[in-house]
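These notes open a run of structures that come right after.
What follows is chain A paired twice: with chain B in the first complex and chain C in the second.
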Partner chain A sequence: MHIAQYTELICFIILGAVIIIGSLGVVLLNNIVYSAFLLGGVFMSIAGLYLLLNASFVAAAQVLVYVGAVNVLIIFAIMLVNKREELSPIKGLKLRRFISGGVCACLLGLLIRVNLTTKWNMPGPASIGEGSTVRIGEHLFTDYLLPFELASVLLLMAMIGAIVLARRDVLNTDEETQEKINQEIIEEKKQPLLIDQSS
Partner chain B sequence: MIETSQGLIPLQAYLILASLLFCIGVWGLINSRNAVRVLMSIELMLNAVNINLMAFSSYLDGSLIRGQVFTVFVITVAAAEAAVGLAILLSLYRNRVTVDMESFNLLKW
Partner chain C sequence: MVNSGLDIELSFNQAMKGFGISPEIAHLLWLPLPMLLVLIAAVIGVLVTVWLERKVSAAAQQRIGPEYAGALGILQPMADGLKLLVKEDIIPARADSLLFTLGPILVLVPVILSWLIVPFGQNLLISNVGIGIFLWIALSSIQPIGLLMSGYASNNKYSLLGGLRAAAQSISYEIPLALSVLAIVLMTNSLSTVDIVQQQNGLGVISWNIWRQPVGFLIFWICALAECERLPFDLPEAEEELVAGYQTEYAGMKFALFYLGSYINLVLSALLVSVLYLGGWGFPIPVEWLASWLHQPIHSPIIEILTGSIGIIMTILKAYLLVFFAILLRWTTPRVRIDQLLDLGWKFLLPISLVNLLVTASLKLAFPLAFGG
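Moving on, here comes the complex of A and B:
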């Protein structure tokens, strides 16, 4: 029993270190491609943390949805927009980073203080362990049925919305007169629609 | 079978880990100049919240694992958010030919 408990503790420490260092890398590294792959590692470690909490279904969902879908989508987006560009320097960037770092540290202190001073209702009732998958299924089809159906509608809306937003509008014929459109107009370089006001 | 509620890891350890992850996400959200990195920071923050929900569900909720159900819903909404966010990013990139957050200032006053 002691060996099992210590193994659990060591796994938690390793996973926590990977999560924190990986997320710092995601935020701080200059190369966005490294950030994306580190983000995949962070998601995998969080799935390991869920396994430590006896939640195998959510761990599998985390791996499937986050690592398999969201991270791949982010990598695809990086491939589509990865143009090397020199970011124009802006005034007071260091000061801005310093101030926001201070604000985030204050937020962290506040959260940790709330964590440590609250009297949690410990020890709680015994954990259900490996029967959690069955229980999640029961929840989803009884008392959480409406959110479940709404989630499916939300996913459909997000899919259609993403297709509409990311689609390139190229029509072969004019919509009103049904005449062929001169292809050279479509092929020519599009000017940016919005005027750059950053200078 | 390891009984987590009597293990060596206290609930507070999970909560502190989640708050660290959340604060790193907030810092990245504020300070990133690449729009893709902003989306990544949002994912980090959502994951921090998920860790919180899972820890509460395992330690305090017993056999009614409502936290895990909520985590499944949060994962669903996060997937939808990532898809729409990246589509918006693509159409922004098509219009402005940059991903620098400092140049997306059309609504700035």
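Moving on, here comes the complex of A and C:
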């Protein structure tokens, strides 16, 4: 075998192991901060898998979107509400864990079955390498234009919704007590901290 | 595209063939060489920048600055580095030691990886990846995770606040940065840094991107300074408020990693500004013209070596002019407030960079000759 193929195989085994162990860690670890950082590691390894498939643009986009935006925001949110409280034990936790574990195992079995029964077209089509950036752009603006635009509208809606939820001052009444909110507190002019001594 | 200029890899492989080594082994032997070279270049670049910083700050404050370590204090940064190397490595007792160690590494590695795409000449870069400049944008988005990690792991409120500020800052300035890069990419029709430089070097200094993208240049420079956490944007480590931000608990080599990371990032940003807007390795007068005036064929060995060295010198010269400018800015401007910083990023730079992109696109349609059809 060629040296490049050996390297590829070793990289694939390492990346696969990192993805599986890392994602198990994301789910099973008790410390939420560790879970969030491990999630970033898993995203990075998936980008590595894309690189192995010669899809460098998709790999870079994966890093930019999932690691640089999604994961950073998750960690950001966790750290802003950095409360170290003991969660009260949930009733029937063992049963819940057993059921969810069973569902996951069934899903895994299904996926393995699909993987084994499908006739994969091996070897797949030759990769176009660096030309893929142009090809992705063409597809996004021709036959995938509608899903692309719909996704962007969806993101815009989510963003506006988040802003409305975060800026409670645009609501006139308190949601819980139905009392009027004093808008002046937010709009209040800032008082100078130092007393003007010039006069 | 015909590759012109020096191709050291080819020559290396041929030399290895001469020694009777198979091409595969020669390739394996070749692989670490440019990486090592760039690592050394990056570290030396940092040493020079630290020295410049000390000297320029001294001049700005009417002091002499480092003087006794070597001529003009040129060995002072080496002494700094050695001092950090032998200092005790302290991990606070209540800190999370694993994340505490991983944080600085996550900050440094993406920055060094980004040197992959910096071209010093036609073939003088580690790898001419097709996604070029996009790789840098993607890699630089990993950095905030390292900052958040070290801020959290220090178990110190100043560190946590500094880490949060750093992450907020890099997220807000990444978008205008990427949009101004996008305008350049639109004009070049390529993401590759080599193509971006070549597109600018048709007519020498006149065809540099700075004349076609003056607004983009300013946006990029401001955002690059913000990404490097340089004053006026060094809020994550504002001494008066946060001690030293996320670096507060760090000592010894781990602190040095942050220090190294921020300076490598500064040099890298300056290099990328020169690549994107100032013609990269291009001489103000195209080398082809010079060669034809001297009646030399462009592919003669002497001219090729000359072109290569002019390329390296020009890239470094442009980058260090920008670094000098950044240092001057640091020692002459006051720091902005956090709300001013975020306002500047979201309410000013983002709309302007969007308009810049729109104008570039329409100019490209209207004047395809000047704006890359």
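Convention: the second predicted complex is superposed on the first by the 162 of 199 C-alpha atoms of A that agree within 3 Å, B and C clash if a C-alpha of one lies under 4 Å from a C-alpha of the other, contacts with A are read in each partner's own complex, and residues count from 1 in each chain.
Following the convention adopted for this analysis, a contact is a pair of C-beta atoms (placed from the backbone, for glycine too) under 8 Å apart; a residue touches a chain by one contact, two chains touch by 3 or more.
In this text, all values refer to a predicted model and were calculated from it rather than measured experimentally.
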Partner chain in contact with A:I3 - chain B first, chain C second, else both or neither: second
Touched partner set for A:V63, first chain B, second chain C, both or neither: second
First (chain B), second (chain C), both or neither touched by A:G129: both
Larger contact residue set on chain A - chain B or chain C: B
Which superposed partner A:M79 touches (first chain B, second chain C, both, neither): second
Partner chain(s) touched by A:V18 [first = chain B, second = chain C, both, neither]: neither
Partner chain in contact with A:L116 - chain B first, chain C second, else both or neither: first
Which of chain B and chain C A:F37 touches, first, second, both or neither: second
Partner chain in contact with A:A151 - chain B first, chain C second, else both or neither: first
Chain C-contacting residues of chain A that also contact chain B: 57, 61, 69, 73, 76, 80, 129-131
Residues of chain A that touch chain C when the two form their complex: 2-3, 33, 37, 40, 44, 56-57, 60-61, 63-64, 67-69, 71-73, 75-76, 79-80, 82, 129-131, 133
Chain A partner contacts - residues on chain B that touch it in the complex: 1-9, 11-17, 19-28, 30-37, 39-41, 43-44, 47, 50-51, 54-55, 57-66, 68-69, 71-73, 75-84, 86-91, 93-100, 102-103, 105-106, 108
Residues of chain A defined as touching chain B within the complex: 4-6, 8-9, 12, 16, 19-20, 23-24, 26-27, 32, 35-36, 39, 42-43, 46, 49-50, 52-55, 57-58, 61-62, 65-66, 69-70, 73-74, 76-78, 80-81, 83, 85, 87-88, 90, 96-97, 100-101, 104-105, 107-108, 111-112, 115-116, 120-132, 135-136, 139-140, 144, 147, 151, 154-155, 157-159, 161-163, 165-166, 168, 190, 192-194, 196-198
Interface residues, chain C side, partner chain A - complex: 24, 28, 99, 129-131, 134-135, 137-139, 141-142, 144-145, 148-149, 151-152, 160, 163-164, 167-168, 171, 174, 191
